[in-house]
């Protein structure tokens, strides 16, 4: 089954089409890396898939359902630009909160397990406000993966992460892919992203200029796609 | 059932954050006290005059101080893009709205319950002569203020000048509810019951609450999903 | 072509109003109790009819925008609100002049006057909110929600304020009183002037819509330019 099916999608800001005629499918278990310059529409597309924004035309089906369907959202994990956790709550309170909102059978143990996993068990009761940047990022990863999502939407996940957070993210991503989850991520960090990516998509001024299996050329030379599809 | 649980989770989250920092609660209560004190300079309060304007004075204090709390309601989600995390979670917009509104409701009631005795002391008024009816009016009118304030907090959360826009939008919108609340509160503090003629104001409050709660619950999803 | 039709309609509305004005000022006799000043009511009452129609249409259009997310509904809503506010001001000013002559005061906190003022403030808030949001789609969506709330509030405020004892003259038109309280000649004039003002309002709305559309186009061209 297709994890994500997007059909003739248009998103306008006023009269300006930020996304046009977007059409693609992602099968379960694939990892799609979305490339493109700033302003090409990567974030807009991810926000529509995440149910944070609505398209004006076209259709988005995620696991066969509408993007805003509660069951769809329960199956999606989102990691955006912000870390999405509360400064004035402690690490465990944050994870417990999202565990409850996602209606996990046991929010407490899921929270503990992910704190362990991200190396934050020792500071579980500390307020996020007191965390270092790296610790906050790891907590954000825990928040996004807490409910074992079958579709992960990651917007520039590797940007400004420290080494430890990059290593953590790569390992949980790998794990999720092995579990059969689907991943869509936008990125500028070609080297980190090309490793897990099975497919790539290139957005150019709101159009999907390329979508397909990751070309072999890109492993050694990540810039290849940009040159081959017209954005030098 | 799940809906109620999610609503409660959101409400408790907001209350916990607020009680931990007490940012808006402290600000709102101090502001309420400041207005109460300032107002005593504006009029030379004799007992009769104060009795006549008590409802108006109190509800202006509640509405002004309340705006500080309502302003923070959605603004506190902005910090780390938490609002995105909530909207992307399976929580329905209506549950998110009702959760945040309930938290605001509790906070506004706290501000009111702190302001009332201070009003009583500063203006030498006994305000407890009709405690049950007064509680009922406070409950109904505060919900009216909360619903309007919470929706508009969501509507204005991403604006520059958010702090200015919210009060300018909500006060005209709340006028019917404030009118009813002022009139009823004045009567009740003076120790009179609600006469047959004035029940129409109670009905107005209930109608206002029902209409705007339903509108808000219907439209909040549209407001939150861009 | 569209422009020409608009100008033609505007000219018709203008001529019609001029002809009405002639009849009102020179054709109709003075009213028994009020004398000459009652003539302002031929603009006062139709002004209110127009403004209420405008706000009602803006509310409906906002609902339609939220359902269909077609920017034309948003354009229509903002145009009608602006024209509605203009007619609210006409209503307030004409009412105020009338009050100065008959009651001897410019303003009183009479329920209907209060209502009119609140309505005006509420819809000015709508225009303010629009100015504060740059992104056109968000602006349209948030403004539509505000417009729906505004209309509900305006209706409730109207009811609430009616419960206060009113100083404002009661209903005069025969469809509300069942006839007899107004001279048929005057009533027909009132409706004629209402029709002329509604036509004028429609032309103004169309002109404002055209401007908004051009504004949107400029905005999108600017974005295209940035994208390059």
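All chains are identified by letter, namely A, B and C, in their written order; residue positions are counted from 1 within each chain.
Quick note on the criterion: contacts are C-beta pairs under 8 Å (C-beta built on N, C-alpha and C of every residue); 3 or more make two chains touch, one makes a residue touch a chain.
This structure is a prediction, so every number in the text was calculated from the model and none was measured.
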Central subunit by CA centre of mass proxy: B
Interface with more contacting C-beta pairs, comparing A-C to A-B: A-B
Longest centre-to-centre distance from chain C, chain (CA-based): A
Length of the line joining the C-alpha centres of chain B and chain C, rounded to whole Å: 32
Averaged-CA centre spacing for the pair chain C and chain A, given as whole angstrom: 49
Inter-chain centre distance, chain A versus chain B - centres from mean C-alpha coordinates, in Å: 38
Chain C residues counted as touching two or more neighbouring chains: 137
Where chain B touches two or more other chains at once, by residue number: 226
Residues of chain A touching at least two other chains: 54
Of all residues in chain A, those that touch chain C in their complex: 12-16, 39, 54, 56, 205
Interfacial residue positions of chain B with respect to chain A in the complex: 2, 5-6, 9-10, 13, 16-17, 20-21, 79-82, 84-92, 221, 225-226
Parts of chain A lying in touch with chain B, wherever the complex brings them together: 47, 50-54, 68, 70-71, 73-74, 76, 78, 80-89, 93, 97-98, 100-103, 136, 143
For the chain B and chain C complex, residues of the former touching the latter: 148, 151, 155-156, 158-161, 165, 168-169, 172-173, 175-176, 179-180, 200-201, 204, 207-208, 211-212, 215, 219, 222-223, 226
Residue numbers on chain C that touch chain A, as the complex places them: 69, 71, 135-137, 216-217, 219-220, 223-224, 226-227
